[in-house]
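First subunit A sits with subunit B, and in the next complex the same chain sits with subunit C.
Right, the complex of A and B next:
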């Protein structure tokens, strides 16, 4: 409260008191309502998904008591979803971690946090001394706030001098990043959510938006309700709530989205629906390597090589993908492929594509991202209100922290470690010697956990994520983390399967118990203040990193003040992004607004990048300027259909698909402690197609045993439940730590993005 | 200093003199009101109610018409305020679905067939509550059923008190609205008709413009402009 408020409050309160004394029995509440109202509403982005809804949290004394959607936030305009409305209850589980714990003789013992931080620092020093810099690592998340990720990168890359910085966003949107970089040379969507309000057609590519991005999906439904003729197309491998709400649902065989996307491009040419001017002026044709592998072996390496091709060569490439040929591969009738192509091709229709994990968790994830861009580039339906490919993110700050701060092994806050200029810029801002920052990336996430298993990594600090539920092929990586001579530090708010493997547990402050910022899918950076005191000795992840950095001797680089460190860190970070292509709003602006979209140039957000009408970074003599690529021309990439590494066979005859449900967030460590959400979906299950269930004589609720080459699991069956997989596929949500489906999944990944495919491996299904 | 903003009130500099003046004004007003209330001058013609038919002819209460139209069934189950709040994590939270919720694979399984207009549901021997925002299609985005059988983690969540009813600013003046209007702009849906909770059913559904007399008790949105800027 500033001084004026206090004075005002005092004056009004005393007036009311005087009035009450004069006229007993008459309440003078028309005067200072605020004196009586003890709930204060404070703005924050939601804790959960990448949509980034603005919420108002009601705080009464020292507790959060209520939530409503923030009407001033353009993302959600006052609406939220069941997770957002109940989000604050995630702070109040009875088993919140309030103290640090240190493993002594195999047992976790409560320890003062200062001592635990001392131990973390000394263990790091010791490990670096005995095994080298690249034996220590940090593994964070897309739920890291911007300052968390920034401090982690600065400490590990800048000060210690190792590129062992990764985040769970690698498991979530790495293919989106490489898709953007290969096609446009710059990460993140070009459009914004406002596209929804102008589009005529929505295509959801393997994306159950109704459950995973519910508030945006409601905006899509609202658009359709108000504008006759608007169509929603669901293109998926499993029938979901999105399929039922869509106007058309097309089911394809797993992995064959690649073929269908190419068939759509084939049809665009065949019917003269290609926007020739746009293609000629703003794109070039390229191809990359093929038969690129799956990363199943340790130390797998792959480097793509782009080659220019001409239009003729590209059309020849497409000749393999006639709708008839692709019908055989994908199971999607040729007429349906033609219909989709027509929707994209119709010059009168504005089209938005949405996708998320279906396209990204894919052993050809980069390729399917490229192929969706191809369709939008060939038709010129991009970077304009209502027209655009829109890659959705899963986590609240996958964009803001992991992608923009760059908490991945190859990244720096600006540019990549391989580039000297990027390293020089970072060294200057970080106040560290240029030589400190190594020029070679080390381990991406899967390889980092393999390195921990092998012993190349000896120390790992895990913050805001639960890899012992969420890594694929857990039957390898859990024992790997528990090996002798491995030291695992886990910062979290609840006990989880990951804290079970920890040598030190640091209690973290959660979300609005500290100050921070998240960045959502539409490049919106949103600030939240500290509204509540964290319990016990819990400390923000940012401050934990600062404390350890100081103990390691980097006090000079981490001289932030306790009162103002979030402002100081953010303003320092902002220096990396100065300029028209990525300028970020100043701290003071963030505090006032319900999120600000970057590039923020001359006090204004750029809502459609690469379009010179909206984007001041464009060469204004051209209508479009994809300035991430030479001559401002985006790449249309010839990417073929290549099959999945492990397909159903006689021994393991089903596809295993995994994912989420609307009620639960990721590994469930928070949402399973929210009574309403837990009671709604108390445990995991396996969805079967009713036909398969009949053949196997499995009824709803029966125990089913799932077996893959890596592990097995018994779960109850769900037939005619929330989702219906295509015949020959089963689906299991991964939120339930009591039913760890990731013991069974495969750690194959996209060789370009290194993002694992959680949606496809072979499984046997038995009645248990 | 930002979003909790208690600013935006017109009395920027409340000097003691100014406060006294306001006070005087309030005193006079309250005496006038008290007089009017005591003198029953505000009572409608002779205290007897208008026939129901006339009320229902009003176009603005179209929605209310349909709701009110159901004669209350004697013996039908009536929701209590206690039940009303037991279905919400906190006052204002989206209520859970307290009955078997039908098909799970859709965003809404004909929820609106009962909850759009209300009406008697023999299966539950009760009148369906009416949704204040039937234009929202994806019901299960916010409303979820409860299995009721799961053992869960213990929670230290503390319920907050529900808003007090009948909070008149002055004796006898129309009570203020004790809750946010967000997603609940349609007063009639919750305060009128047999599906409404008895304790909060309004005594004069024929009045058309609720906010003519009832104003929100707290309006935290006041200090925010449409741009989301703090003034």
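Right, the complex of A and C next:
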């Protein structure tokens, strides 16, 4: 460093120090690292939800010591939520797994990781030899980095030759995927978070954004604060913090969102609010099968069949959904339904719909996704700044890894296993024989755990997820995983109820202890470098997969170098998505930026897909081109209201609804080890409506016994707490492994997406 | 010639505007605080005339509320 540089550094350091004396804690993210004391600030996407906030992590002497929002990241513009600010503490829990463990005579014994990896590989070989290749499986996660998921898919689908690859994102956004595919033929939202800056109306469909996506919700609130007239509509089954912040909160009976969405469409036609030119030029009307079942039995199979219908038939279908009829079904007053329809129908207003688990964890999840799209298509409010349907995700790479890499049984990194062209492309890039990749999907997540219980699957490798907390109907699937002759490998960073059923535990490197990429809800791929050494023998999930692949004899396909393997894997993966519809930014671009939105064409992100003003993949002679469908026309789908499979009755008179709280992330294995967050919400509870609590003589803090057909649980009551269910419903968060609400839930799922419904089953409530 | 460090307080609501104005001066590097209305600035000039001109330009910026010199050195 020359003298002038040293002097400039001293000048900046002196000014920054003066600022610190004036305002303790003041931060200057843009300052060169050498000026900002000895803390090195490095960019990363947040480890938690699917919003994908950019964070700057301060690293000092191989320890993460501070976190702040990254002002250079357009997602959060320097903000972070309570989980984001505490995220690095998740690395330093006192019971962090640092060594591998192997179960010997029923006891988990500390074992060198190389020996444990040898055992994993030999057990896989032995299981395949004895029971066939479809007896081994991998169950990953929307927290898998892109390279993790890519290696898992390549190993299992390409090399071993089984489609037994699933991920927990099946439990959180599979209905969004099938919704997008059935309506548009292409997955993932067409817009981006910038829509928030232009919208006049925000409709949250069963979506408690204030707690689940707080940074995005703060952007929504900011938009309203700066633009009088902007409205926030909360459409939900439970009063939450989102409801309190909204201009209007409309409560509907569980499952009847289907009817209300159709009633909105009915009103659009009745009042002449349909954008006829848009509908004529860019959509077609279709219907699918009805009375489609709930997947409650093993081996349940369903295949939808689309039929064309005309506008007249579609209007006739809607005639069953007048606001007055739907008021009876849903409990939402007809005047409120009309008001919502008017907001969508007003040509001067730009409208964004947001939804997440309320719509997706639904036995008709695909349908409610379709119906939200119908509203936006009928009004032409789509694929434009400020206008669009936007499904949110709950995990940092549910989109990037599970949806884009395709870590689901039917998927490949590009296309589906059923398509020969997709299999040929994968075989070529993976350097495996084309015949290796089976053409039939095997087990979706619920069916995969059923297969483990039945014995059709004998070996399961679980990475970055905690299914013994998060699977529905756990009272079946936990004993299933523990049966004799089942072999379960779990890669994780902490002991969990899932490691309790493991035969081998592999200690994983967490987040910034390794290099990787996540992909968020707005198609943004964000890179993070390895900032810290993982503890003990902990190893990234990517490298664990590579080590096992090599032991299985696939060294040729997994010849990545240890120092550059993330770059090599990502650049190989990128080959799948070349072209204007899904091109991904090169590795070197990702390293420099706080995330890049795909399609990335000619050095530029495409922010609104299907609109030829913004999307170079469109036919430029048309204003809109839904190029995932024939003739570029999206499907408006006639999807009826069908009831839930298990409703309250005399024996089980309440609805049971489950979900999350802002402090805890999913199964709580990380956030429960962060003292501030744990102390804020130390245990699960049951929310009751005050009227129900009075009838049952239950007061705040009383012990309450919940009983369903599958199990029972005792938890403390929360009456008039942060959330209030409608009368006749109770709500329990699922983060607490000591109070496993999923022992009680039902494993019914949407027959199209195969995503379970955690929001609706029947429960009895007793004072304990 | 001089290298100087400054702590800059902008007038209320003018942080971003001031940052842009300072960035337009070739002798100046400026870094905003992430969460407060403060900027740190380093200036580097190569002649007495340039130094005087910079001083004149800084004095003409009405969005500066307070300019505190924290460091100065002659680099020649």
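Keep this in mind: the second predicted complex is superposed on the first by the 733 of 768 C-alpha atoms of A that agree within 3 Å, B and C clash if a C-alpha of one lies under 4 Å from a C-alpha of the other, contacts with A are read in each partner's own complex, and residues count from 1 in each chain.
By definition in this document, a residue touches a chain if its C-beta (ideal position, glycine included) is under 8 Å from a C-beta of that chain, and two chains touch if they have at least 3 such contacts.
Not measured: the values here are computed from a predicted model.
Asks: Does subunit B (first) or subunit C (second) touch A:89, or do both, or does neither?
Replies: First partner only, subunit B.
Asks: Now for A:78: first (subunit B), second (subunit C), both, or neither, which partner does it touch?
Replies: Both partners, subunit B and subunit C.
Asks: Using the superposition on chain A described above, determine whether A:707 touches subunit B (first), subunit C (second), both, or neither.
Replies: Neither partner.
Asks: Under the stated touch criterion, which partner chain does A:313 make contact with: subunit B (first), subunit C (second), both, or neither?
Replies: Neither subunit B nor subunit C is touched by A:313.
Asks: Give the label of whichever partner, subunit B or subunit C, reaches more residues of subunit A.
Replies: B
Asks: Is A:68 touching the first partner subunit B, the second partner subunit C, both, or neither of them?
Replies: In the superposition, A:68 contacts both subunit B and subunit C.
Asks: By the touch definition above, which subunit A residues appear in both interfaces, subunit B in one complex and subunit C in the other?
Replies: Common interface on subunit A, subunit B vs subunit C: 4, 8, 11-12, 14-15, 18-19, 22-23, 26-31, 68-69, 71, 78.
Asks: Give every residue of subunit A touching subunit B within the complex, in rising order.
Replies: Contact set of subunit A toward subunit B: 1-2, 4-5, 8-9, 11-12, 14-15, 18-19, 22-23, 25-31, 33-34, 37, 39-43, 54, 56, 60, 63, 65-73, 78-82, 85-86, 89, 92-96, 210, 214-215, 217-218, 221-222, 225, 239-241, 244-245, 529, 591-594, 662-663, 672-683, 720-724.
Asks: Contact residues on subunit B for subunit A in the complex?
Replies: Its residues touching subunit A are 1-4, 6-7, 9, 11-16, 19-20, 22-23, 26-27, 30, 34, 89-94, 96, 104-107, 135-138, 140-150, 152-158, 160, 167-171, 176, 180, 182-183, 217-218, 220-221, 224-230.
Asks: Provide the residue numbers of subunit A that touch subunit C in the complex, in ascending order.
Replies: Per the touch definition, subunit A meets subunit C at residues 3-4, 7-8, 10-19, 22-23, 26-31, 68-69, 71, 78.
Asks: Can you list the subunit C residues touching subunit A in their complex?
Replies: 3-7, 29, 31-36, 38, 40-42, 44, 68, 70-73, 75
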